[in-house]
Each structure stands twice: as C-alpha cells, then as structure tokens.
C-alpha cells in the first residue's frame, strides 16, 4: 500500500483555512498539524481538519519530532521561514511557501535551505494560473509574430495591479502597458491572455472561483516535490517538467 | 544569404486563394506557381500572387521540372494526390495536404510516398486550432481530475458538427455528447475548450477571423517540414516538437 | 427623514442566510426578524443580522403584531405560504416569495392573497438574470431575424437543466434544443444568450459569484413593491416598468 | 401589395460596397442607384447591385427626378451633404448619413434640412452596437450601484481609441480611463461593457464580423425613418422607441 504524504500547514488565515479544507480531504495526504500564529483558542478546533498548534514548537523543532511530516506548506507571513526553516531543512522536510514578498535576507535563507532539502517558493500557487503562464510562453515560442495583451479583472477594492498579470507580462517580454486592469463589483479574479494573429485570435482565460484553488495548487506542488533531491524549485519548473513528460509520452505512444 | 523556400500551391478555390495571398507575401517564401483545376481563363491572372497553371503539367511532372519547388501545398480535392504524389515524392518535394477526407486507397498512397519524402496531412491546418488541441492535452495531463467540455460556434448553415471539435473531444477521450454546437448568424468559427476545476476554470478559446488563417498555418508547417527526412508527419507532431524545444530552451536558459 | 422599509425574512438556509447578510446591511432597510424552521438553538444567534424566531408566531399572526413589517421575503419552502400568507395579506404586508415550484393549490392561494396585498413570486430573484431575460426580449423585438442560442454552465453535480435557461428559451420562443448545458468543476452559474446576426454577434452574459446575489435581487424587488396596490407582480413586470421609466426619462431629457 | 422603399446610396468605398450588397438583397427595398465619387469606369458596373452614377446629378437634383427615391443613405464623405442635402430635403426624401465627423457648418445644415424632412446622422450605424449603448443605459438605470468598465478590441493598426467605446463611456457618465483598448492582430472589432455587481457580473458583448453589418444597421434605420415627419433623429432615439413599443406590447399581451 502506498504511503500517505505527511503534511504540516503553517498559516491559518483565510487562504490557509481554504488550503486546509482541500488538503484535509485529499487522497494520499495526511494533514498532521496546522500552526496558527494567534492563540489557538480563538478558532474552532472541532471543525479544523487537523489539530491546531501554536508557533512555539516550530522554532524548537519539537513539533517536527513529535509529529513528523514530509512536507511543510507555508501560507503564513514572510517572518515565519526564519522560525521553522532551519529545523525543517535539517530533517529533510520539503518546504513549499506561498509568500509573495520575502525580504532579500529571507530569499538568501531559502537558497541556503535548498542545499539541504527541496524548496519551492511561488507567489501564486494556483495550478490554472501557472498553466496559463507556461502555455502562453509555448504559444509565443510557436507564433512569435502575434501581438499579446493581458486583461485582469478583480473586485472594486483591489488597489494594486494583479501581480500575476504583471508576472505574465514580464515572462512574455511585454511592456507593462499591455496589462489592462478592470476593477468592478465582486469579481474574485479573472486573467485573460489574448494572442492576436492576423486572421485568428487565441485566448487563454483563468477564472478563480474561491481561495480553495490555492489548495488544489498546493496539492499538485507537494506531490511533485515529495522525495525530490535538495534544490530550489519553482512552480513553473514543476509544470514544465510535467508538460515535457506529457509531450514525451505522446511521442512514444 | 538564406535561400527562400520554393513552394507550389495546388488548389485555388476560396481556401486556396486565401492561402496564396498569405504565401505570396511571406518572408523567406517564393510561391512559384499555382495549379487550378478549372480553366485558368476564368480567374484573374493579373491579381494572382503567382502564375496559374492547369493540372496537366502535374501528372507528367513537367511543372516540377520547369519550375522546381521544395514543398507542395495542396488545398484542392481528394483526387489530386493521385495525380501529383508520385512525381513530387520522386523529386523529394515535401507534401503538405489539407484534404479532410481521403479514401483509404489515398491514405495508403500517402504512407508509401512518406518513404521517399516528408508528408503531412491535416484536416485543419490552422495554427491556433492545433495549438488548442495540444495545449488541452497538456492541461489534461497535469490536471486529470478536471471535467472538460467543448463548445463550437459556427454560422447558421453549417449542417454538420465541427470536425475540429470532434477531433479535440476524441483526443481528450471525451464522449461526443461533451461537444456543444451553436449555429447562429454568420459566426466564422469559434472553438472553446472549458476545463472545470473544483475552484477555478480554465478556458482555451480560438476565434477564426478569415480563411487566410489557413495560410498562416500552412506557412508554419512548410517551414517546419522543409528539408526534413522522409516520413509521415502530423501538424500536432510538429507542434509538440516545437513545444519541447521551447520547454528545453527555457530549462537551459 | 425617509422611513426605513421594515422587512421580515422567512427561511434561513444557505440562500436565506446570504439574503439576510445583504438585507442586514442595506440602506433604508430594517430587517426586523428572521423565521427559521429548525430550532433556533442550532444556529448562532449572535452572528445573525436580526433576531431569529421559530415558525409558531407566523401562523398565529403574533409575530406580525409584535414586530410589524412592511414586506415579507420568503426563501423557505413551498409549504410556508400556507402558514403565513393569510395573516400577512390581512395586514397589507407585501409578499415576495422566491419559491421555485409551488403546487397548484398554493398558486391559487397566491392569486387570492393578491386581491388584498402586493404579491410577487419569482423562481429566480437575481437582478442580473432577470435583466438578461428582458433585454433579450428587447433585442429579439428589434432584430427578429437573428438566430438565438442559450449556453448555461454550472458545477458538475447539478443534475437538471437550468430552470433559468429554460425560462429564457421559452420566453424567446426557442426550442429546448437551443439550450446548451455545460457541467464542469465548480462553476457557480453562468448564463449566456447569443444573438447571431449575419455580420455581427451580440452576447448577453451573466456570471453568478455567490448566493448573496439573491439578496441584491430581493432588495430591488422589495423597494419596488413597497406601498404598491394589491396585485400579482412578476420580477419581469417590475423590471419592464423600470426600463420604461428609463426610456421615458431619456426622451424627455 | 406593400410598396418597396426606394433607396439611393451615396458613397461606394469599402463600407458603401458592403452596404450596397445588403440593401441590394433586402426584402421590401428597391436600391435604385448608387453614386460614386471617383469615375464610375473604375469599378465593375456588372457586379454592382444597382446602376452607378457620378455625383453630377446629385447637385442639380436631376438624379432625384429621373430616378426618384424615398430615402438616401450616405456612406461617402463629410463634403457630400452640401451637394445633395437641399435637393433631397426639398423633395421630402429622408436622409440617413453615417458620416462620423461633420464640421460645425454641416451640422447646422443638417438642422435646417430637418425642418423639411426626416434626417438621421449616426457615426456608428451598426444595430448591435446601438443596442449595446441603449441596453447599457437601461441596466445602469436599474442598478445604479454597479461599477462599469468598457473593453474594446481592434486590429493592431487601429491607432485611435474606438469612438464607439468613448461614446458608450460618455453616455454612461464614465471617465475615459474606464475604456480599455486592446490592439492585437486582425480583430475586426469587439466591444464589451462589464457591469460589476457585488455578487454577480453582467457583460454585454458585440463582435463585428464584417462591414456588411453597416448594411443591416442602415436597413433598420431606413425602415424606421421611412414616411416619418421632418425632424432630427438619432439611431438611439429610433431604438428607444422600438424598445418602448416592445415593453408596451408585452404589458398589454
């Protein structure tokens, strides 16, 4: 019988809770614990998909020893990695962190940790969005003569431009002016990459329905990262690899 | 200086004329002749992007000798391959044919010709549509748990289902009932593949603007097929190869 | 100072709770009470936007007397109208019910109640969907020569066809075969009406984000129904009236 | 038997030719003549849907007398109205002009002509686009709390912003920054008005397929303007009127 991948989740805000709901029900995954910053008493232990611990055990490594895991998934804050990083890496626990903006010192820490264990950091951990990013690059490679623009739509109060849209533009070598931002009502999140050929148009569109999409994305990443050699991985690199497998498989078949 | 690829076009109906307009202006392409079934007097020689010949010279091979080409592109009818196939293959001229429905005997002929030269047959030679097909397979490989449906929209009078949509469904292992056909007004052609994740949706959409899209598609194919070893190629196989290059290049880079 | 419209909500399931959240925060609305079928102890009184009562006070009329309201909004079950209908109508309280499938006897009851008070029953109380319905009729009137098809997309497990899509088709005189149903992943609800002109296409598209949309819809309806003469109203009739006002106003202006 | 509406077309460039093709085939329409600025010898008389005349007969009024019409449709240039306007108005011939940018003196002329005959000037004479404009106003009236943005997509080389999109924005009282312009490939023309509600989204989308859409639009306008009293009409006013009829009819029925 195949062993389950044992997972610890750090961060239990709105995104963390959505991820916990998905990991708690996923095939082949044992969600062993959740670490929450604020006192655990504030939230409902009974409805959580795994026992909730406070952060103290992370820094000492005690939690890793009492309830061993194969992968930690971090949806908390930029500060957390400095507390648990070394203890996790020393135990060869793979690290997946969805933190958007690490300070330079933490980025350097990730590089050091990656010498001991598999580390992946990605600001957007959604599977569909990362697919959009790589699939767009493939189409641009095949049809370099196309014009490309990006449209991102979000709820009225999202002040800044979508980091994902900017990342797509950057990856495709587009000027930032090619990112069109729509802010209306309660749209959860929509990204569209439009490829204009002279006589045809191709559109790649991603619609977010809810935060649980981060869970589906984390699931893909942790299955791919499980039992990997040490190193710094990106979501895109995992996706590219899976695509190469698919292209290879088809050719052989 | 890089030599131009010399091309002969067989078939000058509505699709053929659109392809001729694109090939006639394309960089690196010399469109040397066009063969038209009906008497050449019927059409305007002056506005054609290459001299128009009648089919007699094809069967004898005389046209291939007097105006040598590297590739023939066939947008005529299923019968034509029996007239020019052997003469082209004997001269190592690559053959790209966009005929949808060859009888079994002609398919067998293509296999024999492919022992001597590079041969590609594809019922839909549009670059965007073929990209949709392969990109859909990649996403299905990465996210096999998604539900997939196909929507195809065409002008009111298109009686049959879109062969392209059925091909996408078949490639993805979908039941034919997952192809939804809309027939309204004058829509040139729209194909959408919808991937339903639990908490997100990805859509790949292709809109045809005009028949000239076949020209863009033929151009990609003939550039890829030029100077290839003999063999039977498909549009998808050329695209997959280009994608693998892209994925490889990115990894190295 | 303008007086607030006093509202009582009947039904506190998933739709009812979403409606309560919207009504509880709406300008000019005083949500005075919520009636819940199941014992009130089961749910969290503290977080509800109004005091929760059990159904006993409805049938006796006691609740209407102790906490008078101008409008009742019913998101419960088909049986409820027989309990509160007569007591509400006798007090000239307007009735808005979002129940989809009333038995014939209850429909007859609604007609009788409408002789005493304003009554509106609509299976889909969403503002956007009802707009789609009326706006589609207007376009069909202006351009009767167009072909029309409907696409409705919902989550995988929605077994039946969308009642809303069938209603749109019926209103436009379309055969049921013109309704195309997509069932994938977790799509909350999407309806699209496609008008095919010979040389252009018009699409009216509605995307549901969450059940709170019922609240926005109920809000529009109760503001329009407040202080109306007795009668049987439909959502469409209220919308048509508002549109006529808009068209009139523009002409005068 | 119902008499045909007799029409004269002024202007036979790319738009004019497309309009002529539609009017030439339309039920109840007799396209009696076409006036072309450039020498008629340049174009193919045989394939035109009506005899082509040069502009001389317009200014003298001779053409109106020898081949009387009920409506003139003008797809030529801003200068033309000064040549044919007075002669047409004196004969009570309705005038539909699709010229985008008249100088002030010509606008004043239109006002004077409108005292004698029915005059309509509209920069975009497409039925679908004008529907989008009015239907958007209706939705804004019903749901004034929604956020609205406009997306317009056109071919790469369209330099300026879409006048239609700016007109939509202006009519809805939106800042110009709410118009998002996409310029890619060969997109003929796409306009989308997005209404963001808190919990739902409504989109009105118009796709142009070809210039013949101007013909469908002219057809609607001339049927509505035929035998009207003198006055200055707009496309929107005709549409509003038709919508009011539709709303009235539904209520009575």
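The first chain written gets the first letter, and so on, giving A, B, C and D; residue counts start at 1 in each chain.
Methods note: a contact is a pair of C-beta atoms (placed from the backbone, for glycine too) under 8 Å apart; a residue touches a chain by one contact, two chains touch by 3 or more.
Keep in mind that this is a model prediction, so the values were computed, not measured.
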- Query: From chain A, which chain is the farthest off, judged by mean CA positions?
  - Reply: D
- Task: Please work out which of A-B and A-D is bridged by more C-beta pairs in contact, and write that pair.
- Result: A-B
- Message: Distance between chain A and chain B based on Cα centroids, please, to the nearest Å.
- Response: 38
- Whole-Å gap separating chain A and chain D, where each centre is the average of the chain's CA atoms: 51
- Query: Considering chain D alone, which of its residues make contact with at least two other chains?
  - Reply: 185-187, 195, 197-201, 209-210
- Item | Touching residues (chain side chain D, partner chain B) in the complex | 185-188, 209-210
- Given the complex, residues on chain A that touch chain B span 126-128, 131-132, 135, 137-139, 141-143, 195, 197-213, 215-216, 220, 237, 239-240, 242-251
- Of chain D, residues touching chain A in the complex: 146-149, 151, 153, 155-156, 180, 182-187, 194-201
